[in-house]
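Letters A, B, C and D mark the chains in the order given here, with residues in each chain numbered from 1 onward.
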Amino acid sequence: MSNSAHHDLATSGRTWASGRSWLRDNMSRFISLASIVLLVIIFTVMNPNFLGAANVRNLLTDISPLLVMSCGVALVLLLGSIDLSMGSIASCSAVMLTLTFTCAGWWSYALIFLFGVFAGFLNGILHAKLKVPSFIATLSTQSIWQSAAFLLSGGQPLTLIPKNWGYVNWVRAKSIGPIPLGPIPPLFLIGLVLMIVYYVYQSRTETGKTMMALGANERAARLIGLGINRAKIVAFTFSGIGAAVAGMIFAVKLKSGIPTVGEQYNLIAIASAALGGVALTGGRGHIILVILGVGLITVIQNGMNVIAVDGFWQQIVFGLLVLAAIYMNSDRRRRDLVVK
Amino acid sequence: MDKHGYSSPIAEEFAQEMVRRNKVDRIVAMAPVGILLFLVALLSIVADGFFTGYNIQTILGQLSIPLVMSMGLTFVILLAGTDLSGEGLGGFVGSIVILMVLNTKTDLDMGLWAILIAVAAGLVVGIISGVIHVYGKMPSFIVTYAMSSIMAGFAVLSYRGQPAMSKYEFFITLSRGRFLGIPSLTWIALAIFAISYVLQERTRFGEYVFAIGDNERVAKNTGININRIKILVFAWSGLCIGVAGVLGAIRIGRGEVVIGKDTVFPAITAVVVGGTPLTGGRGGVVHSLVGALIVTIIYNGLILLGVSTYIQAAIQGVIIITAVALSVKRGRKVVTK
Amino acid sequence: MKKLFSALLVAAFAATMVIAAAGEKLTIAVSIRSMSSEYHMQYVAGAEAFLKTLPPGTAEVQVLPCESNDDKQINDIKALLASRGKNVILFVDPNNAPNITAIAEACEDAGVYWCSAWNTPEGITPFLYEYWVHHQSCDGVKQGYDIAVNLFNSFKTPGKGKILVMQGMLANTANTTRMEGLDQALKEYPGIEVLDSQAGDWDTKKALNIMETWLARYNDIDGVWCASDGMALGIVQALKAKGLEKKVGVTGVDGVMDAIEAVGTGDLVCTIANNGWMQGGYGVAYAYAAYTGKISPATMTPRERMFYTNGFLVNAETLPQYRKDFIESVPVYDYNNLDFPIARPMEVE
Amino acid sequence: MDTHPVLFSAKGIVKQYPGTTALNEVELEVRPGEVVGLVGENGAGKSTLLKLIMGIEQPTSGAMTMRGDPYTPKTPIEANGMGVGMVFQEQSLIQNLTVGQNIFFGLEKPYLKYGFVDKRRMYEDARRILAEIGIKRIKPERRIRDLDFATRQMVEIAKVFSVVTRRSASGNLILLDEPTSVLNDDEVKNLFANMRRMTERGNSVIFVSHRLDEVLEISNRIYVFKDGRNAALLDEADADEAILYEKMVGKTASGEYYKVDRQAVPGDEVLLEATDLGMRGFFGGVNLKVRRGEVVGICGSIGSGKEDLCAVVCGDESYSSGKLVVNGKVRRFSSPRAALKAGVLSIPKERREEGIIAEASIHENIAMSNYKAFKRFGLVSTALEREHAKRHVAELSIKTPGITQSVGFLSGGNAQKVVFARILSSDADVLVLNHPTRGVDVGAKEEIYSLIRDITASGKGMILLGDTLDECIGLASRIIVMKDGLVTHELDAPAGAKPEQLEIVKYMV
């Protein structure tokens, strides 16, 4: 699929345009922030309730599942690879969570987390050890986990029975113990915590830094003595965890275990990471900025309902805004950077 | 100098090593054909009704859309790019072609012109995607993903929720016609395959696609206009999606956006399973024909075996990952992304 | 600053697509699976028919397509409720039944009257909620049963034969309820043998492919129980390609225009017109009545809050009647008579 | 027949890269119908001059003329148009296309009918061109990836001959850069026969090779380059290997340049030992010991297997025969990381592709080989990284605006110093230096030499592939000479008694 790390920069021998590179380098970062602010302003002008407390709470809630998935896939994109199995892992997690509540209660969250670790680890092994291209490896595990979701749910959309609602009511909590949360929903905190953990892991640990290095130049990373396979397997494992947490968020939020709930999220999560400045060819991007891409997509989808974009036009407007946002984020300064 | 005129025994070992590696590469290149034959043999024994005249015709009929889609995608993947616009664009072309021929909704009746206009729409959208990708320096993955969403929206807008039914005699004869035992729609798909083969083997465009995919630096040094070739590749992919959309509309006799649904990833899988790696440079349209046959036969075989609907997806996944794992290079220094 | 300008341009372009901005005007929201689903578009047409009965300018219809994405459906609804305050009423066909609880909670928090259609999980009823006006549904199980019985009786030797089962999308509420109806019918008709069952994902193209493959394996098929009109039309195309149309009975559900025609030509044995126009129209009417205080959920009888609506079984015999009532003359509903759509109350334990 | 007395001339050619002068006032002349040999050590500027003639790069100053008129090609296509063609060292053929397609790649216009290529005619012409240079057995329909290395080289040569003679059959210039390294004996004879056939028709050839016997056999006149300058011009009659060696190497650089006085006396503790080490098809039967404080220099020309030996030692490749013992344990490294854990680390030859991560900052690059040293509570602390990097930047006097600068911005010499800083920060005690001073300015070279002395003084062992023979001798305390995969000679090079280059060269070439 599109990600041989073909950095002409490394081979062309020419250095970048020097001078105030720091500002120009980070300019694209501010652009995606600016485009969110701009859209928010336009939507608020058209309907002030867009920034009302209720809708801000909606925005933050809607962001969380997409955020955990996008942060997960961002690590895989840093490698220059891709993960298409997130949707099915999330669906499987939603089904399993709904089922295990009856027998494992609060422990179900931990069990499903472990399932995410296993599913991601399997992707990592298939890709890193068997050297199967990540597109095919994750496309295949996607269909495997989709079948698992159907089998586990017996082909039924599962309902979270009222007896188990006790395990999920924390979603609507307005405060954690004494600390009032105000407009911030608990789900968003989960998304934030996961993003920060992934960001710190990627930027502060050896394996995390190896992900970025091997995405930029796998040959050099290998000769420098970095653990290539380990970084790949951990990246895919984290992506699996992100997908499982997203699945749990869907189950808790919708109070249901739908075996196809995550189906649509593969491409949106990758688009969000790309809008957050993560290069699809690897080696470039910051996990902390993925929230900008996710925020932009969520603002667009939420905003279209708030300003009542005609049903027929929603998909068209969504596509146009994604194109505009990517255009502003793309790095057209470096002529030699080959974009696949 | 030893007897073969090599400067030392080491050099001779090197030559032998090269010959061995060549042989291995050639076997690996033939792996997809081997897998195809194995599947046909296995299913003929296990699934009754598989190796019958009618089922072969059915397979050929079901082959037409993934084959046409994979033709356009082969050139895109040869450049290590991606084209996800098929879902929305295929649906759009399928919807408008029915609206333009004799149908139950509009009073248009443009006959063959409708097909030309619809396919041309695919071509134009392909060109737009190519231009945005090349000059906007944006990843083809995202450009075509957004384009798919846009075109899906226009598709539904074209019939405003009430799909038209075709009453065009020619479409009905096409959808049921047979010539020399092969369904007419499959003949159209094979025509697109033939054109793609000529494009790949006989034209300068085909040469340059391989050159850019294999070694962009050498292509640039030789003064090839890389941007133009890339746009042409996306144009051809758009045209193929257009044709696939028309074929889809003819098959179901209705114009709705669902024509494009779930057609892109099977087509990409067909190209990759066939032997064109996602990093481009190798493979070609013949490989994709084999890949398309494999994907279609797996789907057909699983239904004939009456495999439970829940585990069908899993079995397809396992077969595909095995097929690709067999034909992948595993040297220490090989970088797979 | 060229870049910022281009973002402004695109956003402005999006803005121009918009109908009137929010105001005191009431928004009648209809949350459906997708604009490309004919049956769900009947809801929208019904809502618009009701809108015409209101004085001009008091309200507008807004459609929320969720593209079969459960999470997006709840997100769209909550965004709408947050942006419209009290001036909104909602009619929802949940993408999957279990999601109804989350929708109910959202409407309860926003204090917005809403009605739902099709399925609720057991134990979840309007009675638990103050703003959930009513839940209406055609009886999915009964429909699955009716079309099965209709199919079985259409065979040469009624009640005996071999059938194939074309499901909709796996683990989708509409599909599981209709399959339940089929299972009931099969228990009552031991003479019927099910050769195979596959899932067509409500997709015409997939149904056609599956039917073609089935025809390669089975040649003495008497009928195909098919869970939706869209897929049924795909099956008919496959049968026509092999010259078997009319010889193999096919059923459908939804009552889509082309399916009604197909019953006329004999390609389809029967379909069920769920009359989306009536469901959408009265769903919105009830919510509007609650919104204007004409009725109050607390005082409504259980019969009014959970009821079945009649689907119209369309087969060769009932087709002329259906044509007369629904096609020649588009039915005009008196939305003040809220009792009209209620066929019978749902039994609630 | 263009009868201009001088076909090609280059005068006062200077080529500077940031920080290094590859060519310094070089001049060269080629007469019609002549083979001009060009010899010199690695890095003497031979390939750079060919790149200028081919228009891949432009000279900083100086003038070139072709058939009397000024000649300033901007791209290889322009050069081809003027009748100048070059066979590159690394393959420039398209693997997936056929022989015929490659020969006429970019030049399909005459065979085009409405965009369709008339393959029959194209393959006929290709067969004629191949036959013209004595190749009968290659079928133009075969794909390049199915051919072995030697055949591919012949196709490259055939392609250049055809491209060059498109303008006119004579008055053209063909540049051959190390064409014979993969050819066997009769393939070389065939190449020479074709070169003579070309020169008889009034074309000329510049022939670059490290195999002096071949150069002597074919060239009319031989230029010798040294350190980017003309060292000598010899007529074929009065040139032989001994004179060429002497001109190539010139006077051995002063001991002071290589800091010979600070050459450590090797301890007796053996850090690394290879016995009968071999890698099928690349090298065999290598025995060497690396003691603490010792620099083992390995000399050999291209294709001698010295680079593959380095790849095996540092874990980039696995060996097929013999034994490798590191710190007393027999090791078979599965990856460079395993080698690093055992204390073996390499400085790769291709700095940009293999030595640094261009996008990452200086302090990140330096810390990459030894994250353990910068961890606090399990996390890599940027503060520690930065502080450590500041110390190295000062110590090695790396010229950079700041340590957060991406290494991609730095010049060749400074980037190499960053690599050295990374090596020093790692606790590897056996270092494999693969052409450490390649493409580095003279000033930086000296700093690297003193750095090497410090490293050995601190007790680390080193395997060194010298950029030049002179450098190898200057730095190493023990020298191993390899040719075509086999060790042909071994000798000590103590500080006091450095061997002469002549002694070594005859085993190399």
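Here, contacts are C-beta pairs under 8 Å (C-beta built on N, C-alpha and C of every residue); 3 or more make two chains touch, one makes a residue touch a chain.
Here the structure is a predicted model, which means the values were calculated and not measured.
Enquirer: Have a look at A-C versus B-D and report the one with more C-beta pairs in contact.
Expert: Spelling it out, more C-beta pairs touch across A-C than across the other pair.
Enquirer: Looking at CA centres, what chain is most distant from chain A?
Expert: The most remote chain is D.
Enquirer: Quick one: chain B and chain D, Cα centre-to-centre, how many Å?
Expert: About 43 Å, centre to centre.
Enquirer: Nearest whole angstrom, what separates the Cα centre of chain A from the Cα centre of chain C?
Expert: Going by mean C-alpha positions, chain A sits 33 Å from chain C.
Enquirer: On a C-alpha centroid basis, what's the spacing between chain B and chain C, in Å?
Expert: Roughly 35 Å, centre to centre.
Enquirer: In whole angstrom, what separates the CA-based centres of chain C and chain D?
Expert: Measuring from centre to centre gives 72 Å for this pair.
Enquirer: Indicate the residues of chain B shared as contacts by at least two other chains.
Expert: Residue numbers touching two or more other chains: 156, 309-310, 333.
Enquirer: For chain A, give me the residues that contact two or more of the other chains.
Expert: Residues 11, 150, 155, 219, 222, 312-315, 317, 320, 327.
Enquirer: Specify, in ascending order, the residues of chain D that touch 2 or more different other chains.
Expert: 316, 335
Enquirer: Okay, what are all the chain pairs that touch?
Expert: Result for touching pairs of chains: A-B, A-C, A-D, B-C, B-D.
Enquirer: In the complex formed with chain C, which residues of chain A make contact?
Expert: The contact residues of chain A facing chain C are 31, 34-35, 38-39, 42, 46-47, 49-50, 52, 54-55, 57-58, 61-62, 65, 149-150, 153, 155-162, 172, 250, 253-261, 263-264, 301-315, 317, 320-321, 324-325, 327-328.
Enquirer: Of all residues in chain B, which touch chain A in the complex?
Expert: For this pair, the touching residues of chain B are 79-82, 84, 88, 132-133, 136-143, 145-150, 152-154, 156-157, 160, 216-217, 265, 268-269, 272-273, 277-280, 309-314, 316-318, 320-321, 324-325, 328-330, 333-337.
Enquirer: Enumerate the contact residues on chain D facing chain B in the complex.
Expert: So the residues of chain D in touch with chain B come to 56, 75-77, 92, 94-97, 101, 105-106, 108, 112, 115-117, 119, 145-146, 148-150, 184-187, 280-284, 305, 316-318, 335, 483-486.
Enquirer: What residues of chain A sit close enough to touch chain B in their complex?
Expert: 1-6, 8, 11, 79-81, 126-127, 130-137, 139-144, 146-148, 150-151, 155, 218-219, 222, 267, 270-271, 274, 279-282, 312-320, 322-323, 326-327, 330-332, 337-340
Enquirer: Which residues of chain D touch chain A once you look at their complex with the stated criterion?
Expert: Chain D reaches chain A through residues 314, 316, 335-337, 339-340, 345-346, 348, 352-360, 364, 368-369, 371, 375, 378-382, 406, 408-410, 422, 426.
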